[in-house]
């Protein structure tokens, strides 16, 4: 749309990156972050539905003046890495093809998040590239940092698992979680570009409601990760939609296997996340505005009058909940500073 | 503001009503409901801070063309009833004075909600009219209907207790509640007209957060009522603020003392609320838009994969959560149809 | 959705009314107003796209517990009147058919607003029932009241013409308008239930923009009416979309054929609208919140430093801009009080 | 609030910068832009009302971990430049003092925008440093670029004048403007941090209205600049407030001294703004979302059916309308690339 665009931050590119599925909310943001990244070169943006359009006509604010093309493996110029922002199911074959070209792949879909194939099939259906499951690294950066440095395929966690696990991990690592209720709230961008009448402005304005109350597929992912960290606790998970654009808030209600005081749990969290560039333990319940358009996660933990531990986390679902965390991991895979392009 | 106003719905007044504290959000709505009520006559609207202004200059949309005055007991014309919308603490003395004039009183504050005086003092401070506590009837209409018909002083429940107890009562009555987490979400009108910078449009726009995480005084009120209904369960209660005007959503996570199936619990709720004019058991998680500007409460109950009962309720915090329920009760006190002026 | 619904306000029906196209925003509101009207009986609600659904499942808040059906002229029970909320073009044939049954018809579409057939055809295409054009009365109640009492077919004005003409009419009647710029702003409900991605919550949130800048078909309608009132002035008209649900604001910039002072023009407006039940001349620029969910139009007029007359009007586009004004006119057609069911 | 913060983009600072008044909306953003700027070092942030607080406790999202202090000239470390974000009136003395220290000053207030002292006094009252007026350069970058390179004191234009003049300048330069109506719309952040009840979330939610209809002090500033560019046309200017956070839209209705076609005027605009890094001539009416959190101005121009030129511009009022343009100018004053830190 703009007829002349200033070049983004200058740098000396380390890697050539393709973003597949760049016309969706998370893919478009991934393209923007790569476009402005001092060490990454955005060589192509692809879209199954909007090929031929310029990305900045769909997302003027992101100011990426590239034309969307079909993903054609024969036409791809040499790339070092790809970020795939396809829907689950559609992602696995594309990931396999890109891996076949030798590219490092950061997948933003659900296809490689669940390590157990039957669990995947139960919640998502047939898997398009089960042979890649074992090698995929789960991209919750703060807990898989070392593996991520050597990874060739990274499954970026779901937005709800990112926020939920970051809120609960310090307790989970100590084996303290006995029972967990997660009440999660998300802005409308979390529902993606489609959605029809239910996502019409008039439908969501001045509205809020729970959804998927009989079971959301992010629950097994959360349980997988809490178990991996040390607490195989049952999780009750209910997501809600809020009348706002970007942002995700989790309110976690945890019963612990042994009592813990407010002071202890706050010290535990501060210690665990000390030095983390993007996870900040804050002094009161975090707000969504505070993390909007950032890769940060703000966490607050306390103990309420009845003895339950309350843990709250706030992220931007498109950033730390998807594209931002994806680039955070790509930085690690490429040997770059983890925060590059994300501050 | 308008220079000539059509008269509201014509009727043959049964009672002359004063609304004290009519310049706040709940008092103003109470004044409007009374003004348009076919059997009530709004004889005066008072305000401590805005005396001299016309109510329709503060709330044009409510179209009540009356001037606010100071509450002066010597000047009050003969009244049959009063709705008091003062802050807690300030309310009790005003209620006592109005009762002294022989008026039926519907109090919208917290002053007469907690039946146990020490509990009141713990959460709210000294009580201004403890002698009236015993005679006050708790105005959760659906559960105190018979006592309300004979009541002379009614304590309108808090907005959170209204929504929470309506969501949980059918289980509580059966003694089934073993442990309850209530994650409540409310629009900004719930915080009242003040609030300063924290309630500035720019502060709340695209924001959402928990508050009072270390203890909110609606928790003892909820526990009082669940206990009264038959389930003395511990309650974890955390309120959140959402970027919208009117509306309140509770998401309740209940562990039951014995297992209950989805079919059983849904049947229990439908049976319990059958015939209730304002409580509707709906077929999926309720949304705030559906109840905006109504006196309705929409309730949905289900059982999630882990066996927890999930109960959701949506109300308009200013209507069923305050002024609407206040008039619902006043109708009963006056022998009128409970729904009059509220449909 | 609710399993039992209280009956709306009791009354002694004067007329049996059908609402066609009740699944759109304006039709649904028309159905609700009729449903709650003390002298109208809502006998059927029809929908081309949602037949078989209950209206209160689409619009829970309106609480009309009737099932939508196809419009089948052979199946229609005896009706006295119909409100037609079809898109332009589709409306004319339906109106003709309903008139053929002898029903009074209030049309909410554009099909009978333009008295000049070639102008209609230029902006809207072929006309489906040109023979009815001559008998149709333009339903801007405040200026066609007498004709409306005898009308059998009423064309409800467009929302923008309603707000614009009410803002300018007192000047137009005096022949004072020399040149007019109308900058109009509307909430998203004005765009109707469709709209696809452009009306997605994420597209409109924190957004605002002009549209139809090269020509909007409400301009000839506004010019027709200002001319009819006495001022055949050229009109520049640009509509904008705002991030809110219901509401429409016009800011009119008028050059007058002779100078007029602020005092004179304010007196002129107050005099002209004195006694009007729904048009209120207010003391400062009107706000959309003040008229939300009402049939009111708030008008403010002043003269700015450079001598231009500024006239502002605020309405609820679904009420005074469509369904509310439709019922206001139906009241007149049926010999009822104009305000009945609308206060 | 965060306990450890990653350092922003690394660079080799060219200038040490103080931001005075950093607790207001525009000052806080100025501080953030400087903080993240590769060639500027943010050495101090001052506040008259919030000294002692950390800036990131007031604006977590901006992530500037510095403590606000009082502005104490004796305590100021050596600085090369200052950005002053005080209210008009309060700004002039602070600017004079900072100039006395030899610092380059970018003033975000109105104090040095109007070149004519009597006009300033008429609209703003007594001037606190009239001796500096003559040397101040008006910081509408696109039209004063050369003077800005040598400036020592820059008056950043008002947000409305920025958007309005950018929308009209190509016509003004040709002397084509005969009469102009500007209908401007702005988000709530434009009203600043104060505002009391009128800016309460509940007051602005679902609301929109005109204000200052009898005269806004940005009008003389707009006229000054259009005249300076070549068109001393009378301007009618009316601002409106919209229910959103950041963003400003102007819709300009211009009568030209001679006819101009749509093709001609669009070519004129494209030519005039070709090569401008931040002003983009777009293909349709611009939307606020497209420029949110950017320093861009999107402009669209067309000619409507009646021959009037319509020109639309969209900016982020805090960026191009204040702090962003301030830094754009500071870059020029310091000999840096104009876009540095702003892309």
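First chain written, first letter: the chains are A, B, C and D, and each begins at residue 1.
We take it that a contact is a pair of C-beta atoms (placed from the backbone, for glycine too) under 8 Å apart; a residue touches a chain by one contact, two chains touch by 3 or more.
Being a predicted model, the structure only gives us computed values, none of them experimental.
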Farthest chain (mean CA position) relative to subunit B: D
B-C or B-D, whichever has more C-beta pairs in contact: B-C
Cα-centroid distance, subunit C relative to subunit D, in whole angstrom: 40
Separation of subunit B from subunit C, taking each centre as the mean of its C-alpha atoms, in whole Å: 35
Gap in Å, rounded to a whole number, between the CA centres of subunit D and subunit B: 46
Residues of subunit C engaged with two or more neighbouring chains: 203, 205-206, 243-245, 287, 289, 292
Residue ranges of subunit D touching subunit A (in the complex, touch as defined): 1-4, 6, 8-9, 36, 60-61, 63, 205-206, 270, 274-278, 280-283, 287, 289-294, 296, 298, 339, 343
Footprint of subunit C on subunit A - complex, ascending: 25, 188-189, 193, 195, 197, 199-206, 243-245
Partner subunit C, residues of subunit D touching it in the complex: 181, 183, 185, 187, 203, 205-211, 213-215, 219, 234-236, 238, 240, 242-247, 249, 251, 253, 284-289, 292, 300, 302, 304-306, 308, 310, 312, 314
